[in-house]
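The next part holds the structures, each set out as structure tokens.
Heads up, the next two complexes both have chain A, just with different partners, chain B and then chain C.
Now for the complex of A and B:
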């Protein structure tokens, strides 16, 4: 039996999964993802250092803020700039907006139909219109927050190395407070709803990797830690992680030199930073019975709703306590060197490294997105899941295999798309 | 009566960026009727949904493979775009067709408006348009303005 979804050709924008089963054993598992960031490293070379946030933000339409944050932090590391106080807080605020938007889309428009037994969000909306409507409402508030701090929703333009071009006034931010509180209430409801979904069985002994910060749930800063002993500075990333080309995919696969594949994203953040979630998020998580360690990747849909709740609550706190910073950005002088940045994109840690010369021109760039880090575990999840469920009818197994990948919402090319679905039996 | 122009495409994928470039040109040159907003929609995918919601009519500018020479300009109605509702492996595969379909489903009516397509030459990683496509921008902008007026008169 073969499970085949999508086209495995190396065509941009086409993702595919392929599983070959023979004699009751899974012989081969391949996940093919066209992953654009690798190609973009090359044309960052020769660009000015301060163009990196806006160029890299165009790599992904879903998480542009993450690209702006990781590149800005890397440049600031290189230039010896420390963005603190109110500017740092505003960066967290816009990141809250991106987490809300991205998670809401993932949970309600991509993932929920899998659990409720529909082929797509469009089909689901016929019977569960309220779920789609609530998801869109959460997303709208996230959008508005990104627009307020970032200048606009799509590819925000207000972020820069050293801070912002302009900071919002106190009254301006206050304008969104009621929506944020409404979003928080809705998020509580959505955590409870998500926890009642039927979850396929799959427990895996992952190595979870996420940022960790002593005082806060990680977004922009922290050490890179794992549940299996990793605890390193962002600058030491390349000493511990390697990327390998695999023949069946244009995406590179990351692994830890010491131990192999690892998982990044909401499940990793949740398991490694549970105590630093906002109290309301922790409380509701406990209420629905979700506490670390959580090793079922299908439960990531609940973890996403918990992170949506956290992000709303944190955003409310930031807006309530906001005082307009005196300056919109920190001054600095250009100097040559290498800088490292790693922030928590909605899908997991996003690592950037840049080398610039004395004139501020980028000489080398490295970008490791969450999807290439999760490639290994995605394939292993798929292998394990298919092995455990060979009794399923082919159609069901194909659908569930796709669901296994949708746990991650892998970053494929944000460009022209064609996806064919094909199932073949030998 | 609110008409919005939305240019879409990825600025890092060669001629795929042309829709965004046309919007930039329009914003720089001026000439949009009063109250008409022009938006760089980038690769916003479902993030474009609120822009559709808040408009009575939209004009979408995008790269479109119609089989002509690079820089050829096509216009058609949004109602001519087939719906696309199949499940995806990733949200990153969502395009305008889903946005239109979702709109129709949630609002009980199709989005009203026109599409201005420009035939791309080279679509691959890189910043910048090919000369033929670059040269088509002023003409495409004129066509967009014509379609905007058409949307406004129809309402």
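Now for the complex of A and C:
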């Protein structure tokens, strides 16, 4: 038997799935990624350091803020700039907006139709209009927050190395407070709703990798840690992780040198940082019975709703306590060197490294998006899921295989390179 | 009456412009009832064969396979709309057009022989007839809605081609160039975004590409002579998200002066 999905739907970018089964055994599993390469690392060479946030944002229309954050942090590391106080808090605020819009897009428009057996959220809305409308409302508020702080939802213009071009006024920010509070109430309801979905069985012993920060749920900074002993500074990333090229993908596959494939994203953050979720998010997670360790990737949809709740609660807190920072950005002098940045994109850690010369021109760039890092575990999940469910009819198995991949909210545009499912039984 | 059949296609891009359709949160469900979404892979598994009344095309053409695919889409579409800077001007990835693509491939990929790509990243209009272009990196979702609603009602949409400056004036923004000496591409940039950057005290960086008539020669001189901008930086500013367009000759000429 062959399970083949030529063009995987409801993911960002272009890819497919191919699974070959023979004699009741899975012989081959491939997540094909044929998104045309765009060569960002190459053409960043020769551009100036302060162009990196706007240029790398164009890698992904769903999580541009993540690219702007990781690149800014890397440049600031290189330049010896520390963005603290109110500017750091504003960065967290816009990141909350991106987590909300990106997670709400995936939970309600891309992934929920898998659990309830629809082709799309638009079709799901025929029977579940209330849920789809509430999901769209969450997404709308997340986007409104990004647009308020950043100028627009997709490719915001207001973030820069050193801070912002203009910081919002207190009253300007207060305008969104009621919406954020309504969003928080809706998010509580949606965590409860998501926890009632039917979850297929699948548990694996993953290595979860995420940032970890002593005082907060990780977004902009922290050490890179795992449940299997990894605990490193962002600057040491290249000593522990490698990227490999495989023929069926225009995205590079990442591996931990010591132990192989690993998992990044909401499930990893939740398992490694549960105690630093906002109290309301922890409380509702416990209420629906979701506490670490959670090793079923199908539960990631619930974890995303918990992170939406967390982000709303944090955003409410930030807006309520906001005082306009005196300066919109920190001044600095250009100097040569190499800088490292890693932040938590909605889909997991996003690593950037740059080397610039004394005139601020980029001489070398390296970018490792979350989806490249998850390709290995996605293929392994698919292998195990198909092995456990060979009794299923081909159509059902194909549908469920796609769902398995969508657990990761793969962003194929990000991995520079999407999805297509193909299952073959010989 | 048969519903209008809508298709959304992706080529080399960041997904942001088709996401703009999903970002119409309040209009998405009414729109999906008013039209038949026949092909929109980012949002639906349902794949219906053409012909389509309206095709929205995102992304630039960068592979031999995509050259053939865009021709098939054209044949299946009554009204084809290129959306965004990639589809209308090659996108940021057209920076490769200025360099050696083999060198690029080997910089990103250890085994370049697996990668199948064309030398240039080109707009859709270089390959097929395009009925309407929506500019921007990303497009403005309100413009997209306006175009779709016009077509649904049998009207021909018309997109104004004035420069960004007009939008800035309409918003009562203080000019960032005149008042603060911040280099701004507004005078030569196609309007449509609502003058976002100047509203955030930042100079426009031209993500909507050139407006209908541009006097970049004059603006460039101003930057060099009054602001002391280096030619190298000027050329970089002309070569970002809309490389294949009316600013290209200016970029070449300023670059030549520096050589």
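Criterion: the second predicted complex is superposed on the first by the 401 of 426 C-alpha atoms of A that agree within 3 Å, B and C clash if a C-alpha of one lies under 4 Å from a C-alpha of the other, contacts with A are read in each partner's own complex, and residues count from 1 in each chain.
In this section, contacts are C-beta pairs under 8 Å (C-beta built on N, C-alpha and C of every residue); 3 or more make two chains touch, one makes a residue touch a chain.
Only a predicted model underlies this, so the values are computations on that prediction, with no experimental measurement involved.
Student: Report clash or fit for the pair chain B and chain C bound to chain A in the combined superposed model.
Tutor: Overlaying the two complexes on chain A (C-alpha atoms) leaves chain C and chain B clashing.
Student: Which partner chains sit in contact with A:17 here, chain B, chain C, both or neither? Use first/second/both/neither.
Tutor: A:17 contacts chain B only, not chain C.
Student: Is A:394 touching anything from chain B or chain C once the two structures are fitted on A? First, second, both or neither.
Tutor: The answer is neither, since A:394 touches no partner chain.
Student: Classify the contacts of A:140 with the two partner chains as first (chain B alone), second (chain C alone), both, or neither.
Tutor: both
Student: Classify the contacts of A:216 with the two partner chains as first (chain B alone), second (chain C alone), both, or neither.
Tutor: Neither partner.
Student: With both complexes superposed on chain A, which partner does A:48 reach: first (chain B), second (chain C), both or neither?
Tutor: Once the two structures are laid over each other on A, A:48 reaches chain C alone.
Student: For A:179, using the defined touch cut-off, is the partner it touches chain B, chain C, both, or neither? Pick first, second, both or neither.
Tutor: The answer is neither, since A:179 touches no partner chain.
Student: Going by the contact rule set out at the top, does A:60 touch chain B (first), chain C (second), both, or neither?
Tutor: A:60 sits against chain B and chain C alike.
Student: Would you check which partner chain A:410 touches, where first means chain B only, second means chain C only, and both and neither mean what they say?
Tutor: Only chain B is touched by A:410; chain C is not.
Student: Where does A:324 make contact in the superposed view: on chain B (first), on chain C (second), on both, or on neither?
Tutor: A:324 sits against neither chain B nor chain C.
Student: Indicate the residue numbers of chain A shared between its chain B interface and its chain C interface, in ascending order.
Tutor: 12-13, 36, 39-40, 42-43, 55, 58-62, 64, 105, 109-110, 113, 119-123, 125, 129, 132-133, 136, 139-140, 143, 153-155, 402, 411, 413, 416
Student: Can you list the chain C residues touching chain A in their complex?
Tutor: 10-17, 19-20, 22-23, 25-26, 28-29, 32, 37, 40-47, 62-63, 66, 91-93, 95-96, 99, 101, 103-105, 107-111, 114-115, 117, 137-138, 193, 196-197, 199-202, 205, 207, 233, 236, 240-241
Student: Can you tell me which positions in chain A touch chain C when the two form their complex?
Tutor: So the residues of chain A touching chain C come out as 7-14, 35-43, 45, 47-48, 51, 54-55, 58-62, 64, 105, 109-110, 113, 119-123, 125, 129, 132-133, 136-137, 139-140, 143, 151-155, 157-158, 164-166, 244-245, 247, 250, 252, 328, 402, 411, 413, 416.
Student: Quick one: which bits of chain A touch chain B in the complex? Just the residue numbers, please.
Tutor: Against chain B, the touching part of chain A is residues 5-6, 12-13, 15-17, 36, 39-40, 42-43, 55, 58-62, 64, 101, 105-106, 109-110, 113, 119-123, 125-126, 129, 132-133, 136, 139-140, 143, 153-155, 402, 405-406, 409-417, 419, 421.
Student: Along chain B, where are the residues that touch chain A in the complex?
Tutor: 10-13, 16, 39-50, 63, 85-95, 98, 101-102, 105-106, 123-127
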